[in-house]
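Think of it as A, B, C, D and E in the order they're written, each chain with its own count starting at 1.
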Amino acid sequence: MDLATVIGLVAGVVLILWAIMSKAPISAFIDGGSVAIVLGGSVSAALISFPLNRLMGIGKVVKNCFFSKPLDPVDLIEDMVKYAEVARRDGILALENLTSEIKDPFVISGIQMAVDGTDPELIEGILMAELEAVEDRHAEGKALFDNIGKYAPAFGMVGTLIGLVIMLGNMGDDPGAIGGAMAVALLTTLYGSLIANLIALPLADKLGLRSREEMMSKMIVIKGVMAIQSGDNPRIVEQKLTTFLPHSLRQKGEDARAEAA
Amino acid sequence: MDLATVIGLVAGVVLILWAIMSKAPISAFIDGGSVAIVLGGSVSAALISFPLNRLMGIGKVVKNCFFSKPLDPVDLIEDMVKYAEVARRDGILALENLTSEIKDPFVISGIQMAVDGTDPELIEGILMAELEAVEDRHAEGKALFDNIGKYAPAFGMVGTLIGLVIMLGNMGDDPGAIGGAMAVALLTTLYGSLIANLIALPLADKLGLRSREEMMSKMIVIKGVMAIQSGDNPRIVEQKLTTFLPHSLRQKGEDARAEAA
Amino acid sequence: MDLATVIGLVAGVVLILWAIMSKAPISAFIDGGSVAIVLGGSVSAALISFPLNRLMGIGKVVKNCFFSKPLDPVDLIEDMVKYAEVARRDGILALENLTSEIKDPFVISGIQMAVDGTDPELIEGILMAELEAVEDRHAEGKALFDNIGKYAPAFGMVGTLIGLVIMLGNMGDDPGAIGGAMAVALLTTLYGSLIANLIALPLADKLGLRSREEMMSKMIVIKGVMAIQSGDNPRIVEQKLTTFLPHSLRQKGEDARAEAA
Amino acid sequence: MDLATVIGLVAGVVLILWAIMSKAPISAFIDGGSVAIVLGGSVSAALISFPLNRLMGIGKVVKNCFFSKPLDPVDLIEDMVKYAEVARRDGILALENLTSEIKDPFVISGIQMAVDGTDPELIEGILMAELEAVEDRHAEGKALFDNIGKYAPAFGMVGTLIGLVIMLGNMGDDPGAIGGAMAVALLTTLYGSLIANLIALPLADKLGLRSREEMMSKMIVIKGVMAIQSGDNPRIVEQKLTTFLPHSLRQKGEDARAEAA
Amino acid sequence: MDLATVIGLVAGVVLILWAIMSKAPISAFIDGGSVAIVLGGSVSAALISFPLNRLMGIGKVVKNCFFSKPLDPVDLIEDMVKYAEVARRDGILALENLTSEIKDPFVISGIQMAVDGTDPELIEGILMAELEAVEDRHAEGKALFDNIGKYAPAFGMVGTLIGLVIMLGNMGDDPGAIGGAMAVALLTTLYGSLIANLIALPLADKLGLRSREEMMSKMIVIKGVMAIQSGDNPRIVEQKLTTFLPHSLRQKGEDARAEAA
């Protein structure tokens, strides 16, 4: 899993627990019914918002997105330049022998189509459509977390309103119990806010960034395959692809090449 | 009806009822006047927002959207590939005999125009316009639910303000009644929040997703008809159309074909 | 006036009045100063936001938009098909005789330019510019209502803050008067919320929908004139234009034609 | 200055003062420290948000925008039609003599380039770039007011929180002073809300509208110069340019021409 | 560092401190636990939202953005005009000797490619891609500050809720301590609001403006290199590039040239 995600989640939870426990017993902040309203309400809203089969599949998308290592764009460019050299030197058909060494299915399918002599426009069309399909799946995963980040605070407020109505209705019976009842009523708002701001919304942000990283990698592959097929000079291929890299990575790529030289 | 919608709605309602009834009689949460303000206000706002004839028609759009099963994109692609094979083998006119077997009117009209030798650009134009018209109708349905999701909380607040003004005006008369009056005043905010977050907004989300699914199916039909008319190789047709599928469905399609083989 | 708008406005006002009067005298909810702050503040903000001559003109735009009956798109298509038939049969110049029967100036100017043999691109350019100008005027009307819907709640809050500051400053003098003073302070928030959510925002929504309907009619005219001038077959003209219709209207059009046949 | 802006600002201020003074001495609403927090905080945020040299220049942009009279689009079209007539009758070089009569530098530079026989595409490019540059400057002015409209309420809340913390900390000392302290604490929220909703946000709205009006005038000049250079018939020039006018102005233009005839 | 940023930050902090200290000891506004919740929570959310290596790199991007002086667009245009003159007079290869005098690597790479006779379309493509990559990096820096501006108030509210729950739970024990406990509870909301509105959001705004300034400079370079390579007249080059300048700078450029003449 992405290291920063783990650190952030653990740090956030520890921090909140510490903030609570330094001043009050943690038990004052745990209330099963409140958890049920906020979590249950958010899950209900998600069930209504999304088709069942997608909710099932989203778990996998999210897991992939967090655990699978995206292709390193620097390595990817080096590979594409290498293929361009092979194609220039030995002809594009020589790439066929290399496809067995390639791991990423997206790269394989691109190179394979180039080797097959598929029409360049068709190759670009098919790869772009594949890229857009992956982007859509990521967007669905992000949408789920955004959805929870939207409904958890709402059901937090619903829970607090329910608690307040009960408390106000009983106010005549035992004025001394008001403080405790109101404390419990506020718990759902606290839960909703924590679920949204410590978990759902930051995860949605990261999913979005991860998706953009993977899109960048896929764009490098697409532009690389197009350049290789059109017989571009390997140096031009490198120049074209390097423009996709953020500066920091670009430096890294140059250092790596300097070392290799 | 979509299963997840039913589960979500039932689960949400049961959950809220349980949360209330475990601590207080349900009667404390029912107030006819409060229901009238929130529901009546939202319906009034919807009547002002939308033309009458559309409000009437929206019920049908929504029903269709929830109950009608959208075309399975995997089956659809298989069908389009089959038509491409027939067109390649027996000529495009041979598709005329197949139109009687097709159920979806959108597919029929596309194939029929291809058989009639209509100009490809015109076919694409007409089918795209049809697609956009369907998209607009879905958007209208979604807009109604978004509208209710916007006005229900607003009239919830209006109701609470009315209740507070009444309560504060009577404060001198009977201080003991304040708690109860305020509890009732808060009910409209609770109703508004539940209508918006448990019903209207999640349903709007699902309508949006459903619409996108149907748009995807229609796009597959459009691209398929265009490919068939231009005499594409059935394998190319399949490759082009498969890119519209999410990965999970793509796998499913491949499994189905493997079994068939 | 649009029927749903009247029903919605009357129903909303009656409902709120009933909700108030069933529990308290209506006089407790009327306060001249509060009305002045909310209405006056919103009008002041609108005066600053918009140029004076536009504010003057907007009344007319809004009235037109609510009272003028937009062209029925089904009738419009029938007319355009009829013109296409005439043009095909008797030549495009024969349309000149028909322009005296046409009522809508937009249709007249389109047909007239086609008869004059104006360059198709120029016709489309002029009609599209006209369409965009109408769209802009509608958008200005909508912007005014959106503006009021934004500032009315803001000045409602300003009024409540003023009331609270006065009340808190006098708290020492007569603690018994707090309830009443706070009730009055809350009235501005109530007014602002009602003005926004019962009047301004729903009317803005409807103006937007009305505008889109009129744009649809104008698009039908533009596409129809272009098709007529290029000598399209009347059946093709009908097919092209029908795609602009929502399904319900499409059915209606087919029924009408079936009856006519 | 734009009349509606003055009326709106004066009316809003008078109204709020009257609302206050009819019920309490105005002194209860004036607190130097509160003004300092809200104004100072907003100015600080603006200083951080914008580069210093732009903040300096924005005053001028805003003044220009409010005080300079934009070219009347009706007069502008009449002028362009007149130039088109001259160009048709006496050749485009004859326009050179007219440039001394023209006041607006934008019109002069367009006509001059046409006279110089500059390539039409280059003329359009240069004038469009000028238009976009003016639009950017207006957008900067609008951004400043939007910025103040965003930060003033935020620092209003900051001030109220500071006031509440002080008040709550002293609560034990003198319970009778709570009312007054809280009244003062609320003043910053009131100030922030008034600065945003009575001044900053409406002025931002008007700046946006003013900018669009000037863009319309500039578009008329650009399209007019292009039409003149391509030797369009003056009637066609008028027809093309009139489509930029809102209907009300269009009528006015026709009346003016009718009178002139 | 940008002067306005320093002035704004110092002025804002001094102002808030003065507002506090004029009425209460500053110690009443300092609470380590509250700082920990707001800062810690925001940092945790940022860690979850962004990949670790980007968080590391963002510091550098931000520093560059604040401290590095962007190329003065007026000087830049003068330089590009000078290169255009050289290229016209001595041929484009003569620019090679000038590259050693140029400091900005972006200008060097553009001129170098022009000298090398690289295809104009490729030059534009490579420089535009570089520009977009820089824009993306700036957007990442801005996204971090926007992120903090979003989560700081959220964790401020979380802290206040925790404080309120603790306070309400202890209400029975010592009613006299309520004021102080509530004051402390409100501190986190105050901190969150200050972090967002005095630091994070204004800095995000300025980063956005800085980025746009740098984009303007880079666009001037790109358009200038394209014009030089196509052999444009130096006066045309100047005219084309000047349109990118805001008016104030344009005046300055003309003054500078007038002095030089």
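Everything that follows uses one rule, which is that a residue touches a chain if its C-beta (ideal position, glycine included) is under 8 Å from a C-beta of that chain, and two chains touch if they have at least 3 such contacts.
Values in this document were obtained by computation on a predicted structure and should not be read as measured data.
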Quiz prompt | Shortest contact path, subunit A to subunit E, counted in steps | solution = 1
Exercise. In steps of 5 degrees, what rotation angle do you get fitting subunit C onto subunit D on the CA atoms?
Key: 70
Exercise. Averaged over CA atoms, how far is the centre of subunit B from the centre of subunit D? Could you give it in whole Å?
Key: 41
Self-check item: For subunit A paired with subunit B, centre-to-centre distance based on mean C-alpha positions, whole Å
Solution: 26
Quiz prompt | subunit B, residues touching no fewer than two other chains | solution = none
Quiz item: How about subunit E: which of its residues touch subunit A in the complex?
Solution: 33, 36-37, 40-41, 43-55, 57, 122, 125-126, 129-130, 132-134, 136-137, 147, 150-151, 154-155, 157-159, 161-162, 164-166, 168-172
Quiz item: What does subunit E use to touch subunit D in their complex?
Solution: 2-5, 7-9, 11-12, 15-16, 18-20, 22-24, 28-29, 176, 178-180, 182-183, 186-187, 189-190, 193-194, 196-199, 201-203, 205-206, 209-210, 213, 236, 239-240, 243-248
